[in-house]
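Have a look at these structures, which come just after this line.
Both of the next two complexes hold chain A, though its partner changes from chain B to chain C.
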Partner chain A sequence: MAAGGAAAAAGASRTYSFKVVLLGEGCVGKTSLVLRYCENKFNDKHITTLQASFLTKKLNIGGKRVNLAIWDTAGQERFHALGPIYYRDSNGAILVYDITDEDSFQKVKNWVKELRKMLGNEICLCIVGNKVDLEKERHVSIQEAEAYAESVGAKHYHTSAKQNKGIEELFLDLCKRMIETAQVDERAKGNGPSQSGAARRGVQIVDDEPQAQSVGGCCSG
Partner chain B sequence: MSYIPCDIDFNFKGFSFHQEKCRKGCGFYGNPIWHGYCSRCWIQQRQKSQTHPLTDGFRHHTAILKVKPEQRRNEDLWKIPDTARNVTSNDGFPHSHITYRSLPVADSPGSLSLLTFPCLHALAQGDFSDFLKALRRPDAQNLMTHCTRFIQKLQDTEILTLDDKGEQVQEFYSTIGSLYPDHMTEEREKLLNNIEKLVMTRLYKSVFCLDGSQDEQKDLCFQAQIRSLVWVTPKMLQLSLHESNKEANDLVLSAVTTLVEIDSKRAPQDKLACVSKASNFIFKAISVSKIEPATADDFLSYLIFTILKANPPRLLSNIQYITRFCNPKRLVSGKDGYCFTSFVSSFVFINF
Partner chain C sequence: MLWVSSSSKLTAALCTPDRRLQEDSKNVQIAVTSGRYDRILLFDDSLVFLQGIETHICDLKTVWVCSSTKQNYFQNFQLLQIITPEEEFVLTSREPQNQAVWQWKLNQLIQQRLIGRRNFPLWGKAGETSDPPTSRVSTYTYKNEGRFKNATYDGDMSWGKPDGKGTLKWPDGRNHVGDFQFGQENGFGVYLVPSSLPDRYDCYKCHWQNGVMQGYGICEYADESVYKGYFKDNMRHGYGILENLASTTDPFKYTGNWHKDKMSGYGVCESTQKSERYIGMWQKNQKHGHGIVLMDSGTCYQGAFALNKFVGSGILLSEDSSVYEGEFTEECLLAGKGKLTFNNGFTLVGSFNKSQTAGLQTQGVLHTSCEDQNGIMKRKFQLGVGLLPVEERWHGIFENFQKFLESGCKRETEESFLGFHVKSNKKLQKSQEYLHCQSDVSGEIEDILKEMSLQLEQESMQCYLEKAFKSSHHPLMKLMKELCVVFQATYSGIGANFHLLSMAQEEIKHYATKIWELYRALKVMAGGANDMAVPAGEDEEERNEALNSYTVVLPILLPYFYADLFMLYMLYYQQEDAYYWQGIVRLGMLTDTKLLQFLDVQKFLWPLKDIKLTANQRYSIVRHKCFQSAIECLQKIITVMDPSQKLEIILKTYTEIEKTVSRVVDGDYKLPMDDLLPLLIYVASRAGIQHLGAEIHFIYDLMDPSNRGGIYDFLLTALESCYEQIQKEEVRLYKC
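Showing the complex of A and B:
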C-alpha cells in the first residue's frame, strides 16, 4: 500500500499531504480536541466553523510544509462497521479515550486491533487520554494505558481540550512521525528527493486489491 | 441485502508508477522520466516520434484509423466520436494504414511528450471553456488526438468490463498527469479535471448503467428498499431535527433536491460536486438546529436521513461510476473526498 503521504516536491521544499482519522467513542471529547487544535476554542460561542467533521491545518515543520486533513469518524456503535471506509488511505490515526471512562479505553483497544489488521504498520497510531483536567475521577491508570500503547507500537498522550494541554505536542509529534514514515516509504521506492527526475510522478494514491476486498468483506452485513 | 455493499468497488485506482523493467521488454530497467522505457529504447522511440509526430506509437497496432491532421484542427470538440468515425473514410494522409490493437493507453508517450511547456500551462488556465479553446491550439493537437483516440477506443470495445474500463481511464489520467513536473501540481490537477470532464462526458453513455445490465436491476432493488423505509422519522435516527424548525427542514429539503440531481450530471466531478453541495446544506441544517459544530455522527445521521428522503435514482450506479472514473485524488482527499466517503458510508449503512 502506498498511502505513505502524497508528497510532491516543490523545488527544494516539499509539501506533504496527510490524512489523519479521529477515532473514539461518543463523549470522549474528539470534537473538542480537534476544534481546540484547529480553532483554539473550547465550548465557545464564537466557533466560526459549521462543522468539526472535516478540518484542515497547514503546518511548517523544520521547513517541510504539511497539509493536514483531519477526518472525524462516527463514534456511535451503530456506525462501527463503517470505520474501514473512513480510515482507508490514512497516514495517521488519533484514538481518543476519556480517562474517567474505562469503556472508552476498551473501545480504543478494539480500534487498534482493527487498524493494525487492516492497514498494517504503515499507519502512525496515537492513543490519547483526554480530560486530564478531571484527574480526580480517573478510571484508566496511566501505567496500564502507556504499557498498552507501547505494546502495540503506538504513542500515548495526555491531553485536556478544556485546559489546552498536550494538544499541540500531540499533533506536532504525529506529523513528524508521518513525515518519517513517508520518507522511509519514498526511499524504499527509490523515489527520494535526490532523484528529482524520478520524483516527478510523486503523487501516489495507490490502493491494492487485498485491502479493497477486506473492506468489502467487512461491509457485507 | 448484503450483496450490494459487496459489489461496490472501493478501490480508488490512482497514479501507479511501479514499472521497473523497460516497457519494450528489452530486459533493461526503465525510468519514469523516459516514460518507462530504458534509455536506448527511449531514444529510438523519440527518433520515431520526430519523424512521425502524429502516428508515433500507433504504427504497430492493428485496427485501421486514418487521420488527416489538417482536418482535426477544425473539429468541434463536442463531436469527437462522429468526426472520429468520419476521418476513417478520409485519405491523403501519408500513413493511411495506421493500425492499432486495443491501444494500451500509455503506448503513445512520444506524441504526448511533444506538448510544450507553454501549451501545458495554457491548458491549465481558466475554466472548462477556456480549456476547450486551449485545446484547439496547434501545439495541443497531440493531446486532442490522444483523447479522441482513447474515447473512440473505449467506445468500440465491447469485451471489457466496466471495471477494466475504469482502470484504463485511470491509466489514461495518470499518463496525462505525468506530463507535468512536480512543481506544477495545481496545473496538473486542473488539467486532469478538465480532461476527466471532456472524456467522461463523451464516454458516459457507454459506461454508465447500461440497459439491461445487472446494475440496473440492483439499482431498482435498492430504490425499492429505500421506498420501504419511508416510515423512518428524524427521531429514529436521533437527529436534532424538529418539525417546527422550518429553516432546518428547508435546508434538508435543498439537500434532498441536490442529491436527486446527481443522476442528471454526466461528468464524475459534477456528480461529486452535487454530493458536496448537499453536504453543505446538511452542515447548515445541523448548525441551525444545534449549538455545537456538527460532528461526524451528526453528519452521517443527517446524510442517511437525506438519502432516505431523496431516494436518488440509480444510486449504486452513480456511486460506482464516480469511484471508477473520477480523478482519484478528489475522492481520497479534501472536503469532496470526505463528503463522498460519508455518502458511500450512508449507502452501506442503509443496506445493512
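Showing the complex of A and C:
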C-alpha cells in the first residue's frame, strides 16, 4: 500500500505526503504565517494538529492530492544545532525572515547552507520575507534577497501574515515544486537501480480512498 | 498317514507332536499358479508349500487369505490369494468347491491359531463362519534381502504388512518402536542405532514417512550430542539445532540451517570453550560465505569465509571501539594493507602484521585530523547489514509452518511440521521435555481455526494472537517458541553487542511480517474450513490498510524479545545516555524557577499559580512541582513495550503541557515551537527517564512506518531534540 513501486500507478489515485520544515528566528512571524495559512482556509477537524507547532493541510493540485505536514522549529540561537534532527527526511523548507530585521536574514543564510549540506538539492527551499506590511521599515533589500535566493536555488516570496498576503501563493508554489521533485525521483527510481530516492526522503505515495475530500481549489484564494 | 508317504527328511522338517494335518492338495485338489510348488499342506499351525524335498513353511498367524476374480477371454477365474509378509501365492483349482474348502479351512485355522484354541468344529454350522481379523498382532522375522532383513517385527499387522503400532528389532541391535503403515515406518517412531561405544545408542525420536525420517525429530547421539530439528530422507535437513555441550574437546551449539545432513546456509554457532560465536553462512559443515565472529572480549570481525578460513579483507571492531578495515590472515590476524581508525578519530593507513607472539607491527601514515561524523559512524558500525539478508535467516522455521498450512492443517501432521507438543510438568522438569504423542489436548487444531475466522478488528486479532502465543497447543506458539530460541541464540550472551543492533531490529520486523502473513493464511484457511466467505467491501479495504504487521503483530510479538532487543539499544546509546544522564543530574539540582529561567521559558508561561506555597516558602526554592502532570505522564513511557503506546504517552504528555499552559495564561494560547521546546526540555529533564536515547530510537525503528512525517513522528523528533539538548555541554557543565 505504501510508496515503493507506486511510480507506475495511475496518477488519479495517488496522494503525496510532504514534510515541510519551518525555519526562522523568534520574532519573524513564522508561526502566524502557517496559522494564517492552515486556519484561514478550513477548520481541520482532525486531531492531527498540535496548535501551532505541527500543522497539516490537505490540498488538491491539478487532481493530485497532497497531504502537507508543516513542522515548526524553535528559532532560538541555542537550539540551532538541533536543526538537523528536524529537517531530516523533509521535502521542503520554508525559511522566514523579517524584512525589517537584517539579522534574521543572516540566520536564513545559515540555515540554507546547512540544509544544502545535509539534504543536497533534493529539498525545495522557499525564502520568505515576512511583514511586508511594514515596508517602510524594510532593512533587507529586495534585490539582495532575491539575488541570494536565486544563487542558492531557492525561490523568494514576500508575505504578510497580518494582511494575509502572498501566503497562498507561497504554499501552492512549494507544493507544485515538491510534486515535480517527487516525480523526477520516481522516474529515476523507475529507471535506475538507485533505491535511495523517495523512500529515504519520506515521500510516501499512498493509494487513498477516491472520494477524498478535496480542499476547495487553493488558487481560488 | 502323511508321514508315511513322505521322505524322512520331510518328516524331520515338518513333524512335531502337536501338529495335525488339516488339508492336503492331493486330497482336495488345488495348485499354486506360479507352478513352483507341487504340493500344499495345511497344518493347524502353518501352511506348507512343498517342492520335492524343499519346504516352505508359513506360520498361519501371518497368513492372510482373500479370494479374487480374474477375467480371462473365456471365463471368470476364481483365485485364492495367500498373503504373507514377504510372499504372495495365488492358488487355483478347477473345481470351485475345492477352492471354497481351502479358503474356509484356511480362515478357520488362522482364526484358531490367532486365538490359540482349536475347540470349535472345523466344518461348522452355517452362519457361524467368521473370517479372521485382517489387523492382528503378530511376530515375524524377515528373511529376504532388504532393509528389514533378519529383523523381527512384533506388533500390529495387516495383510502381511506392519500396520499400526509395532516394534522392529534387528539382530545388530537396531530397534524401531513406533507407528507403521503399509509395511513401513510412518508416523512417530523411536529408532535406536547402536554405536561403536559400548552400551551407547543413537536415539532418534522423530516422524517418519514411508520408511524414512521426515519432518521434525530429536536425535540423541551416542556421543551425547543432541539434534533437534527437521529431517528429510533420513538426513538432517532444514532448520535444526545441534549441541554437544558435554563434549570435552570442542563443545558447541549450532542453530541454523541444514542441507543433506550437513550445516549449510545461515546458521549461528557458539563454541562455548573458546567463547566465540559465529553468525553467518555455512556450507557442508564449514563456515563459508559472509560471516561475523563475535568474541567474548567484545571484539568482532566481519568478512568472508571459505572452507572455515577467513579470506580476503574484512572489518575488525575492537572492544575499545577502534576499527580496522583491511586484510587478514586466515586466523583473523591483521596482515596486509589496511586502515585502522582509533577511537579518538585518528587513522592509520598502511600495512600491518600481527603475530601471536610478537604483537602488532605496522608501517603506515597516521592521520590526526578527525573526520568527526565518519568516526562515529564507524564506531557504531553495524554488522551483517546487506550481507546476511533477513529473508534468508530463518526461512527453515517459517517454511515448515507454510508447509503445514499448505497441507491443510491436519492434526496428525502438526507435530511433524511444527515440532513436538511439549508439556512442562513439574515432575518431569528434570528431563525437561516430555514427548507428548497422544493428542488428548483440549482445543484441537480444528477448533483453533474455527475460533479464528470471525476476527476482523485489530483488537480481536491481537487478543487472539496473544492467546495463541501462550497456548501450548497452538501452532503459532510453537513458531514463536522457535523464534525466541533463534533470537536468543544470536543476540543474547556474546551476541549482546551493539554492532548487531541493525540486524536484530530488522529481524524482529521480519518475524512480525512473516507471522502476519502466516496469520492471514491461517485465517483464509479457517474461512475455508468454516465455509465462511470473508466479506470484502470498501469499508473493509480501508480497515485493512490500518492493519499490518506493525499495528497488529508487533505489539504482541515485542514482549517476547523486548529484553534482548532493548539491551542492544541500551548498549548502542550507552555513551549518549551517559552524557544525557549527566545533564539530568545537573538540571535536577535546579529549582523549578531556576530551571524555567535557564531554559528561557517566557515568564508568562511559568505555572507559578499552580504552586501552593506554605508560609515560609518562596517560589525560588520549590522543586519538582511545575508541570507535574506532564512529567508523571512521560515517565510512564518505560512501562509499556509497544512503540505505538509509547507514542501515545508522548502525545499525552504534550496535551498535559498544553493544559497546564492554557490554565496559566488563562486563555487560548497556541504554543509555537519556540515556546514548546523549552517546556518539553523542562518536562523531559524532570522526568529523568533512564536510557531515553535507547527508548527514542527503539520507537523510531519499530513504529508503524505510516507514522513518518506525521504528528507522532513530530513529537518523537521533538523529544529527541530535548534529549540532544540535555546532552550538550552547556547543560552538563552548567554551574548552578
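In this section, the second predicted complex is superposed on the first by the 168 of 221 C-alpha atoms of A that agree within 3 Å, B and C clash if a C-alpha of one lies under 4 Å from a C-alpha of the other, contacts with A are read in each partner's own complex, and residues count from 1 in each chain.
The working rule: a residue touches a chain if its C-beta (ideal position, glycine included) is under 8 Å from a C-beta of that chain, and two chains touch if they have at least 3 such contacts.
All values reported here derive from a predicted model rather than from experimental measurement.
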Any idea whether chain B or chain C touches more of chain A?
-> B
Is A:L174 touching the first partner chain B, the second partner chain C, both, or neither of them?
-> neither
If you stack the two complexes on chain A, which partner ends up touching A:L82: first (chain B), second (chain C), both, or neither?
-> both
Should A:K19 be classified as contacting the first partner (chain B), the second (chain C), both, or neither?
-> both
Can A:W71 be said to touch chain B (first), chain C (second), both, or neither?
-> both
Chain A residues contacting chain B in one complex and chain C in the other 17, 19, 26, 30-31, 35, 49-54, 69, 71-76, 78-79, 81-82, 85-86, 89, 202, 204, 209
Flag every residue of chain A that touches chain C in the complex, lowest number first.
-> 1-2, 17-19, 26, 30-31, 35, 48-54, 56, 69, 71-76, 78-79, 81-82, 85-86, 89, 202, 204, 209
In their complex, what parts of chain B are in touch with chain A?
-> 2-3, 5-18, 31-33, 174, 177-178, 180-183, 185, 283-284, 286-287, 292-300, 328-329, 332-335, 338-339, 341-342, 344-345, 348-349, 351-352
Complex contact set, residues of chain C against chain A | 538, 542, 545, 600, 654, 658, 670-674, 676-678, 705-706, 708-711, 714-715, 717-718, 720-721, 724-725, 728, 730
Which residues of chain A touch chain B in their complex?
-> 6, 8-11, 17, 19, 22, 26, 30-31, 35, 47, 49-54, 69, 71-76, 78-79, 81-82, 85-86, 88-89, 189, 196-207, 209, 211-212, 215-217, 219-221
